[in-house]
Amino acid sequence: MATRFWEAGEGRTFVGRLATGSDLVEEIERLCVARQINAAWVSVIGAVRHATYAYFDQTDHRYIELESDTHHEITGFVGNISLRDGNPFLHAHATFGDERGETVGGHLLHGIEVFAAEVQIREMTNAELIRQFDEETGLALW
Amino acid sequence: MATRFWEAGEGRTFVGRLATGSDLVEEIERLCVARQINAAWVSVIGAVRHATYAYFDQTDHRYIELESDTHHEITGFVGNISLRDGNPFLHAHATFGDERGETVGGHLLHGIEVFAAEVQIREMTNAELIRQFDEETGLALW
Amino acid sequence: MATRFWEAGEGRTFVGRLATGSDLVEEIERLCVARQINAAWVSVIGAVRHATYAYFDQTDHRYIELESDTHHEITGFVGNISLRDGNPFLHAHATFGDERGETVGGHLLHGIEVFAAEVQIREMTNAELIRQFDEETGLALW
């Protein structure tokens, strides 16, 4: 895909916390469905009981799934909301720290169990972020 | 705690830098006291001379304190300002890189000595983020 | 340098994606030149084919350059736009994850080859972030 930039409008700002035991990705997506948030930038600080994440193999065009059995602090997070198959979709990557401070990270999958998570969602208007399959990368991009 | 989300209003935006040798967490909190910033999302890019951070033991409900003797780049950062005991409180997690690029990270403690740090603080209005002890996690949550 | 904070105004918000094969830092700076973005906070989520980054030696005041041959997910990102020598300059740090989920990171250099990257740039007005050489740290700070 070629580089492409839009000027977006300022939308609503949501701030909140996720229930202990909830699924991090699903819980944020559920909120976005309920509030009709279709384009946004997302930030999360917190800790998880179980982490499931992935690395995209850029040659074979498939995700390698990873998981951590240990509890983790979220030490870095980048994410956004766009539309995929007509529904709000959270694309997020994070870094996770363990009890020695050592870190792992990747593309977040469903199955991450929240211990505590504080979330900010900043909506963009006039943004129309719609994911479609991109042949070159094998990813659903907007 | 249950999942809970608010729609917040757009507040002021502050941008600045922290003095070399200052305490990262204390310096940001001092600014928030001075400017009466009670709810905000915070981002920091920079490097530190000394890092003190922690991992929360989710079973024993206590922080395990960690520190690095090496100088570090901040390679990831998520944080926010809320009220704790009536005062602006910075809750932040970061990832730190060393001279080989290897990373560690966790929940930021007082005692992090700034080498150089560029900070953005985006205030939220109508947010009322007040930390209170949560029995289930052992954390002060809002 | 002493601690210094400004209250900035709200500017434009840009959202977009970078071309596969483009240089991450150069491509973002090119957009900022084209749109006259001189002060902004920047967030990126994506993956890279090749990563070049650095650790600043705080004693010798020089960058130690690092690179990864492996493909990487971006698992943490902090960055901003300021003016350096009169041009928009991206100062960014990132954490990168590999196929085992292990992470490295540092100060981003030119030469990072994008696989896929989603970018948000939030402009600040009345911010005047102009980099100048700082004797104490050996860095170009604003």
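A few notes on this one:
Each chain gets a letter, A, B and C, in the order it is written, and its residues are counted from 1.
Here, a contact is a pair of C-beta atoms (placed from the backbone, for glycine too) under 8 Å apart; a residue touches a chain by one contact, two chains touch by 3 or more.
What you see is a predicted model; the values in this text were computed from it and never measured.
The pairing of chain B with chain C is characterised as different-residue: of all residue numbers used at this interface, under half are used by both copies.
Superposing the C-alpha atoms of chain A onto those of chain B requires a rotation of 120 degrees, given to the nearest 5. A straight line joining the Cα centres of chain B and chain C is 21 Å long.
Residues of chain C in contact with two or more other chains: 10, 75-77, 95, 103. The touching residues of chain C, counted against chain A in their complex, run 10, 12-20, 22, 27, 31, 35, 43-45, 47, 49, 71, 73-77, 95, 97-103, 115-116, 118-120.
Only residues 1-10, 39, 41, 53, 55-59, 64, 66, 68, 75-80, 91-95, 103-107, 124, 127, 129, 134, 136-137, 139, 141-142 of chain A touch chain C when the two sit together in their complex.
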